[in-house]
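Okay, so subunit A shows up in both of these, paired with subunit B first and subunit C after.
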Partner chain A sequence: MAEFLQLILSGLAAGSIYALAAVGFTLLWQASQTINFAQGEFVMLPAFFVLVGMTVLGLPLWTSIAFALVLSLIVLGLMFKKLVVEPMLPHGTLPLVIATIALGVLLKESVKEFYGATAQPFPAIFPQTVYNVAGASISLQDIGNLTVSMLAIVGLQLFLGRTRTGRCMQATAQNPNVAEILGVNVKRMVLYTFLINAALATVASVLISPIYLAKFSNGETLGLVAFIAAIVGGFNQIRGALVGGLLIGVIDNLSAVYISAQYRSAMPLILLIIIILVRPQGLLGTSEGRSV
Partner chain B sequence: MLRTFLGATAVALVLSAIPALGEVKVGSIIELSGPGAAAGTNFHDGVKMGFEEINAAGGVLGEQVQLSEYDSQTDPQVSRAMVQKAIDDGVYVITGTVFSSSTVVNMLVAQQAGIPQFTGSEAPSITQKGNPYIFRTTFGAQKGMPKVVKYMAEEMGVKKVAIVWANTEFGKGGYGAFMDEARNYGIEIVADLPTEQAQTDFSADVLKAKNSGADAVFVYLTEEESARFLREAQKQSIGLPLVGETTLIGAKVIQLAGDAASGAMGHVGLTADAGIPAITEMVDRFKAKYNYTPDHNAIKGYTAAWTIKCVTEMVGSTDSQAIADKMHGLTLTTDECPGVLMDATWDETGEMSRESFFVEVENGKQTVKAILPPN
Partner chain C sequence: MLELKNVAGGYGRITILNGTSFEIPKASITTVIGPNGAGKSTVFKAVFGLLNIHSGQILLEGEDVTGRKPAEMIARGVTYVPQGRNVVPQLSVFHNLELGGITSKDQATVRRRIDEVMEQFPMLRERRNQKAIELSGGQQKQMEVARALLLDPKLMLIDEPSIGLSPNLVQEVFQTLIRLRDQGVTILMVEQNAKAALAISDFGLVLELGQTRMHDKADELLADPRVGQLFLGGHIDDAA
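Moving on, here comes the complex of A and B:
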């Protein structure tokens, strides 16, 4: 029982970080009807901004995180929207998808070129304290990761549902033309969406890098897992991305212990296939009409 | 005017037709990116420093060594293509690769071309395929495992062990060798945990090892995975001795894992903290040059460069076949070839023998607990 409890909690902690990345897929899908295949690299990059702050500029950890957040908002939010999405979107979804794939490669290779190909140690945000709860070793790091991720996602949900700006963003996502007629500043709302995605990516990066270590190739794994999580949960629902992320984190852990360590990485894909066959819109997603 | 022009053209043509003199080519095929970058960069920097010192001291047979690097990207197929490219570029000897999964593939290309290859790989299978052109720069897992298992059984009193290993060519080789030795010493395997290359989450593996009832955990992963495992083990307060080979306790792992590496122990063929003056001096020069602490891979690379110089000069030419022939059964002592840092012997399969160390990580560095004789 203690083992099961520990597996569930560490699965939820890892899954909550996947969920942060998965929410990014959902946000950008709603804002631009496209899939950002550079999302994994968006989570990889802020960790290196933090390291630059600490090692090159000599800033303390928390100041470096703030520095990374600002840089991420500029590079992964503003510049991504202005330099990649806006020029490509008029040409259709497919060119934009390809552009995000190219962007992912560019970010990865740039980090490799300027910071190095080897993994870098990344400081832990939470103390290395471990609690014994009913025989299970529960680390403060897991509790912290889970709490911060959940707060970020719940905060986002509240922002979107309870504030005027949030509702304007939702209206823009649902029907930008009608939203504009109703006086919503659609361009600004879309920009907010990109900035929120950049901020969430920074949070995910800071939480996961002490475990993964900071490495240029981290985005490959993270991007894939988050993509699967977004599909499993429902690509057009933030709460779907949350459920998808948590589910994958837990299933990964449980399958490694109770099914097969060798085939653990196949389990999320098996889940993905089942979901696509049984409920194509995802666990919490809603069906979207398509006209031809 | 025309005569001057024709004369200058003729001189230029003659000069361009003369082959470059005073230069010998060596190819470094190495993991500079991908999961093996930590090990590969160390190895390559060691090779580079070795040849720079050799060139500064007059080169090989009086000629300067031109070292060309080829990034294998830790991809066996790319490494194979890079070995072919190096051979096409005219190298007479090759260093690398470090990852066994790559070496078992690319060494066939060097074998076909008859080019001696000095590898940093440790999988037992590499020297068991009858390839007369492959030579190790440290001993294979089948040589190291008897030493480490003997130490675990006799010095640590381990009777039950959980083994966490990389499901790769490197990992399978070490895993097989460890299992054979564990059987010999009557050690029971209570948890058998294969992991994937570049695995990031070790929470389930640590938990299984922790709850397995083992006296110790044997960890046989590559450097970055080892660091992640150590961090997770610390997070879960594993409370068991963590024992491994060089890849658990190398300098890069200690840097990545931080405090979590404290107490990890294992067997290393080469260590910067061995207290051997030649190694200490080499490590100091390396740190001054590259601004990081070298691990065993860097020392392997450095000794590979000096081995190449010494054996080439023993042969008296850059004849690849003669060098390969000379290497079999060769013993290089530090008296005749100081750059090898420790006396070493190569057998008929290219396998290497020399003294080694059992170390424990204390205060962020390796502390030698025992010196283990050659086997």
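Moving on, here comes the complex of A and C:
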């Protein structure tokens, strides 16, 4: 029982980080029909920005994180929108998808080329303390990761629901034509979405890299997991992406111990197949009727 | 109040308006009628800054507003209720109404106006916390009209308000338009249900192939056999 609880908690902690990436994924889809197959690389990259800040510029950890956030907002937010999405979107969703796949490869190979192919140790944000609670080992890092991720997602939900700017972003995502005739600055709202995605990716990167180490290929798994989490949850819902992320984190952990460590990475895919067969609109999703 | 001078324009390279000209006076209701593809809705888009205008001029109270963006037109007191459903489905009725005043710097006034329009449409007050998608088609249309009134518009462009509404609700929407006109709002309307619309209008405008073919008092148009002919699939010139 103690082991089970321990697995659940560390599953939720990992899952909440997947959820950050998955939430960004659904936001981009809603606001600008962008299916970002470079999302995994978006989570991989900020960790290297942090490392550059620390090793090349000699900045302290938190200053480096701030530096990485700013760089991410510029590169993964602004430049991604201006240089990739805006030129490609008029040609349709599929060319844009292919462009994001290419972008993912470019980011991955660039990091490998310019920083290195080996996994880099990444400083921990939280102390590596482990508490023993009723026989279960509870790591402070897991608690910290879960807390920060949940705060980020709840904060985002509050922003979207409780502020006028947030509601303008919702209007832009749900009905851009109406947003435009009401005078909402649609372009700016879409830009905010890209910036929020970049910020979420940075948070995910800083939380996950102490566990997985910073490596150029980290995006492969992360991108897949974020994609699956978004689909499992319902693709057009933030809450869905959150549930999907947490679910995959927990299933991943439980299956590694109770089923087979070898089949561990197949579990999210099996989950994806089951969901698509049984509930194609996702756990919390509503079937999407797009008007022509 | 609103004047179009030889306006030509369309989507991309396709031209829909071919030199449309007309003028409508303040505090009046004008209905635009014409066959499908005549460019009725396109006139609205041209006025509201949603169309590429190739040539010609649009004047609002004597001022050139050709090619102004929607946000600027809203600031000048123009509001547009397009055809079909135009709600933000997952936001509440209250927040949909709020979006009608999103461009205003004075949000205290917007709050007060939301209260006032909910006074006019009590159904909206009852459902203020419901999501827009949970309203019926008629209720959504009422919400759109209410939302368009939030900033006290001077000119209201309303496209096919009767589509999907029961006859009772159509009369309700028309009564609202009459009341607004009496309060000094200028209304330009496109309506499939031409007879009913002309019956409450001051003026009527017949558009064909993107050009103004007739423009007269509404009752004159109602009595004109050529108008009937037009709706039986003929052209204006075929009659007479």
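Some observations on this one:
To be clear about the criterion, the second predicted complex is superposed on the first by the 289 of 292 C-alpha atoms of A that agree within 3 Å, B and C clash if a C-alpha of one lies under 4 Å from a C-alpha of the other, contacts with A are read in each partner's own complex, and residues count from 1 in each chain.
Definition applied: a residue touches a chain if its C-beta (ideal position, glycine included) is under 8 Å from a C-beta of that chain, and two chains touch if they have at least 3 such contacts.
Since the structure is predicted, the reported quantities are computational estimates derived from the model, not experimental observations.
When the two structures are aligned on the shared chain, A:R167 is found in touch with subunit C, with no touch to subunit B. Of the two partner chains placed by superposition, only subunit B is touched by A:K112; subunit C is not.
Number of subunit A residues touched is higher for B, counting subunit B against subunit C.
Once the two complexes are laid over each other on the shared chain, residue contacts for A:Q281 go to neither subunit B nor subunit C. When both complexes are overlaid on chain A, the residue A:Q33 reaches neither subunit B nor subunit C.
Once the two complexes are overlaid on the shared chain, A:S265 sits against subunit B while remaining clear of subunit C.
By the touch criterion defined above, A:K215 reaches subunit B but does not reach subunit C. By the touch criterion stated above, A:N175 is placed in contact with subunit C alone, subunit B being left untouched.
When the two complexes are overlaid on their common chain A, residue A:S10 makes contact with subunit B while staying clear of subunit C.
Note for the complex: subunit B touches subunit A at residues 32-35, 37-38, 41, 167, 193-196, 198, 200-201, 203-205, 207-208, 210-211, 224, 227-228, 231-232, 234-237, 252, 255-259. Chain contact summary for the complex, subunit A toward subunit C: residues 164, 167-168, 170-171, 174-175, 177-185. Residues of subunit A that touch subunit B in their complex: 3, 6-7, 10-11, 14, 112, 116-121, 128, 130, 137, 139, 141-142, 210-213, 215, 217-218, 221, 252-253, 256-257, 261-262, 264-265.
The residues of subunit C lying in touch with subunit A in their complex are 48, 50, 70-71, 74-75, 80, 82, 86-91, 95, 98-100, 102-103, 107, 147.
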